[in-house]
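Down below are the structures I want you to see.
Shared chain: subunit A. Partners: subunit B in the first complex, subunit C in the second.
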Partner chain A sequence: MNLAQIDRRWIFVIVFLAVALPLLFPIGLVGEVSPRTQTMHDLIEALPRGATVIISFDCEAASWPEIGPVAEALVEHTMQRGIRIIGTSFLSEGTALGFELLSRHADAADYVQGRDWVYLGFRPQYVAAILGLGESITQEYPRDYINQPSEDHTLLGAVRSYRDVALVISIADDTMPQYWIEYAGARYGVKIAAGLSAVMVTTFTPYLDSGQLQALIGGLKGAAEYERLLGREGAGSRGMDAQSSAHLAIIVLVIIGNVAYFRGRGRS
Partner chain B sequence: MSDAGIWLAAIGTLAIFSFLYRDNPAYRAAEQILVGLSVGYLVVITVRTTLVPKVALPILDGDPWGIVAAVWVLLMWTRVSTRAGWLSRLPLAVIVGAGAGLSIPAMLKARVLSQLGAVIRPEIDVNAVVGAIGVLATLSYFYFTRPPTGAFRVAARTGTWFLMVFFGATFGYTIMSRLSLLIGRTEFLLGDWLGLL
Partner chain C sequence: MVGVFGFAMLIQYFVPHPLGRVLYGRVLEWMQVIFAAGLVLGGATYAMSHLRTVSGRREGWIYSLLALAALTLMLAAGLIGGIDRGTLFLWLFNNLQAPLQQTVFSLLAFFVASAAYRGFRARNIDAALLLIVALVVMLGRIPIGEMTGPFLPDLARWLVDVPAVAAKRGILIGIGLGSVAVALRVMLGIERAWLGGRR
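What follows is the complex of A and B.
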């Protein structure tokens, strides 16, 4: 049988089964918490109760299955610590997702909207918006996501700009944390952290090494590690069995593909 | 999510996955619905959260800056006219000028100077040495002014190895990322839709 001639749709079936079977019959693989995830956890743990963080949902709906568990874990931990949250979004699809997530966790944590958390919503032209937040949050966002005047919120009466913000966390599936680093971090000196899709981790690791990014966690694996630190099982942990078996399947397929290639080349 | 919402999402997911078998009308319909919804949502949310509070409400309140913003927006639309199209260059010039003025120093500081500072650091350990060698070797690969010969060739070849390591790591993370999306949708289909989880 010539392996090079196999219909590629069989590969899709194999990968799907490698993902679906561990979801149906969990193995319960437990991974170690990486130092990178631990750093993010420690960063939020070190913030004093009553501090304010900006959490920006800079992601599209398509990447939510991956980035959502990251956002869930970070928001849950932030609220557990009694830290106030200002939510924003610079990608339109992330706006409603961020609001739904924050609302759900706020209800569970007895957070009062306007006092403990505010959702400012979407703003196009993110560079101008990031810079505007450094001058005046209420001027940049005269009204919040639910159309309330921003000046009416007690939280925004006390937190006027980055000067009053302890940390910015960008939940991103693309390069948005770079703009936070350049325009909020480098210009206003506010600390930046990121919850990223795995594909962006290598892009932002150099910023972590240079200290421009305080911490980052990446992808479903990062979410699973963070859930472990929070002492609960969530979407991240549930996905680890499937991810591990799918990785194994892909490794086997890569080996088979290479063997087939070199055998074919030898014959020719 | 309501039952109807779950069914709609499941049908949409299966329609997109059907492309893996072959291109078909269900896939194309789902793709176009997705694009249409995304653009429609962007327009609505931009109007509701930006144009109304930043332009319309200030104008109604008699704020002159609201009028300036509205005129600036309208000038952009003059591009559709052959006679008045030149007026659109005014707001574009401001956007380009302000954008360059803001971004050049910010990018120079964040992307070049701070990153360079992290490479040239006083404490010397294995990571610092490997990082410095990697930066110099990779830069020499992209130095095209003289042909790569002698020691320079060795440096450039070393740079390709560092690049390969970066591409390999990025590819690995990309697979992980894409699998996470597949896991999310599979979990939805098996759990929320079929109730098997």
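What follows is the complex of A and C.
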């Protein structure tokens, strides 16, 4: 059997099994809580009850299986702490996902819409929107996601702009937190944190080191660690089993591929 | 015009005069109006393009018909029924659009694995180094790697946080300086290629 010329459908079968089996038969791999995840947890833990955070769902539906558990954990913790939430989104797909998630958690936490949380929804041209929120939230969003006048919400009567916001959390699978840092953080001085897909962590680590980003958690691993800090198992913890076995499968495949390559080269 | 607006926005950032605040607010509104108009234009162009494909029975016209039907359905669902919880729009989004996109995206794992098996070879020193780093990071970032002791996770963290971030930081600084240079060239009228004209 020539391993170098193996039918790629066998590789697909191996990857499928590596992902599917741990989801069907969980092992419970989470790992240690990293200092980064702990910092994010401590940041939210340190916010006073009744403070307001903006959570922006700046992600696409395609990456939701990875970024969704991050968002779930952060929203759950924020609501556990009695912190009020203003939801936004600058990507159209993240808008519906964010609304669904916030609504579900608000029901569970007995959060009253308009008083404890508001979902403002989508705005085109995110640079202008991020800057606009620093001038006046109700002027930037005269109506919320479900078309209610923003002025009618008691929360937005008290929270007029970034001056009244303790933290902005951007849930992102791309570079959107950079715009929050450059326009909301640099110009208005509001604190920024990010929940990212794993691939974006390296991009934002320089901002974390410079203090422009207060905290970040990344990918399923970050979500799993955060769930551990919250004392529950969720989609992040379950996903870590599948991610671990998929990584292992790819490592084994790469090693086999190299063995086959060197054997073939030796013969020739 | 670009120069005037560019410098006006630059000056208002440092001068907190009420006139500057008014100008600033207006420009922010215009930016969003222009962008929203662009979205409408993009949607219309998309529909026209597919309409032409369907009416001319060109290759793949059935997919264009499907695209138009999906566009009409989502627009109608959102405009008539609203986008709140329990609406058809949100149901379609959560149960059709999102799973479809996630399915397509998840195919990447299969192709990455296949490509890694066939192409990730230690053909020379550089490739071998890349291969070893990739294996260490992949293993060190999962709980199984952590079970082997602190060395592998610490090494993986160091590789990601130090050499990779150093390269990223250099790129970011380069992008920042480049953006300032290009902005100044555009505002001063030295750079006109973005208008489609000659430099």
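The rule we apply is simple: the second predicted complex is superposed on the first by the 266 of 268 C-alpha atoms of A that agree within 3 Å, B and C clash if a C-alpha of one lies under 4 Å from a C-alpha of the other, contacts with A are read in each partner's own complex, and residues count from 1 in each chain.
Assume a contact is a pair of C-beta atoms (placed from the backbone, for glycine too) under 8 Å apart; a residue touches a chain by one contact, two chains touch by 3 or more.
Because the structure is predicted, anything quoted here is derived from the model rather than measured.
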Field: Which superposed partner A:Ala46 touches (first subunit B, second subunit C, both, neither)
entry: neither
- prompt: So, does A:Gly185 touch the first partner subunit B, the second partner subunit C, both, or neither?
  reply: first
Task: Would you sort A:Ala108 into first (subunit B), second (subunit C), both or neither based on which partner it touches?
output: neither
Query: Does the superposition put A:Tyr145 against subunit B (first), subunit C (second), both, or neither?
result: both
- request: Classify the contacts of A:Val19 with the two partner chains as first (subunit B alone), second (subunit C alone), both, or neither.
  value: both
Message: Touch test for A:Ala158: subunit B only (first), subunit C only (second), both, or neither?
response: neither
- request: Give one of first, second, both or neither to describe whether A:Asp209 is in contact with subunit B, with subunit C, with both, or with none.
  value: both
Message: With both complexes superposed on chain A, which partner does A:Gly239 reach: first (subunit B), second (subunit C), both or neither?
response: first
Task: For A:Ile256, decide between first (touching subunit B), second (touching subunit C), both and neither.
output: second
- prompt: Just which bits of subunit A does subunit B share with subunit C as contact spots?
  reply: 12, 15-16, 19, 62-65, 93, 123-124, 127, 131, 145, 147, 187, 201-203, 206, 209, 221, 243, 246-247, 250
Task: Would you pull the subunit A residues touching subunit C in the complex into a rising list?
output: 6, 8, 11-12, 14-16, 19, 29-32, 34, 60-65, 93, 96-97, 99-100, 103, 123-125, 127-129, 131-132, 135, 139, 145-147, 187, 201-203, 205-206, 209, 221, 240, 243-244, 246-251, 253-258, 261
Task: State the interface residues of subunit C toward subunit A in the complex, per the touch definition above.
output: 13, 21, 24-25, 27-29, 31-32, 34-36, 38-39, 82-85, 89-90, 93-94, 97-98, 101-102, 104-106, 109-110, 112-114, 116-118, 120-123, 131, 134-135, 138-139, 141-144, 146, 153, 157, 160-161, 164-165, 168-169, 172
Touching residues on subunit B, where the partner in the complex is subunit A: 20-21, 38, 41-42, 45-46, 48-50, 53-54, 57, 99, 102-103, 106-107, 109-111, 114-115, 117-118, 131, 166, 169-170, 173-188, 190-191, 196-197
- prompt: Which of the residues in subunit A end up touching subunit B in this complex?
  reply: 9, 12, 15-16, 19-20, 23-24, 62-66, 68, 92-93, 95, 121-124, 127, 131, 141-143, 145, 147, 178, 181-183, 185-187, 197-203, 206-207, 209-212, 218-221, 235, 238-239, 242-243, 246-247, 250
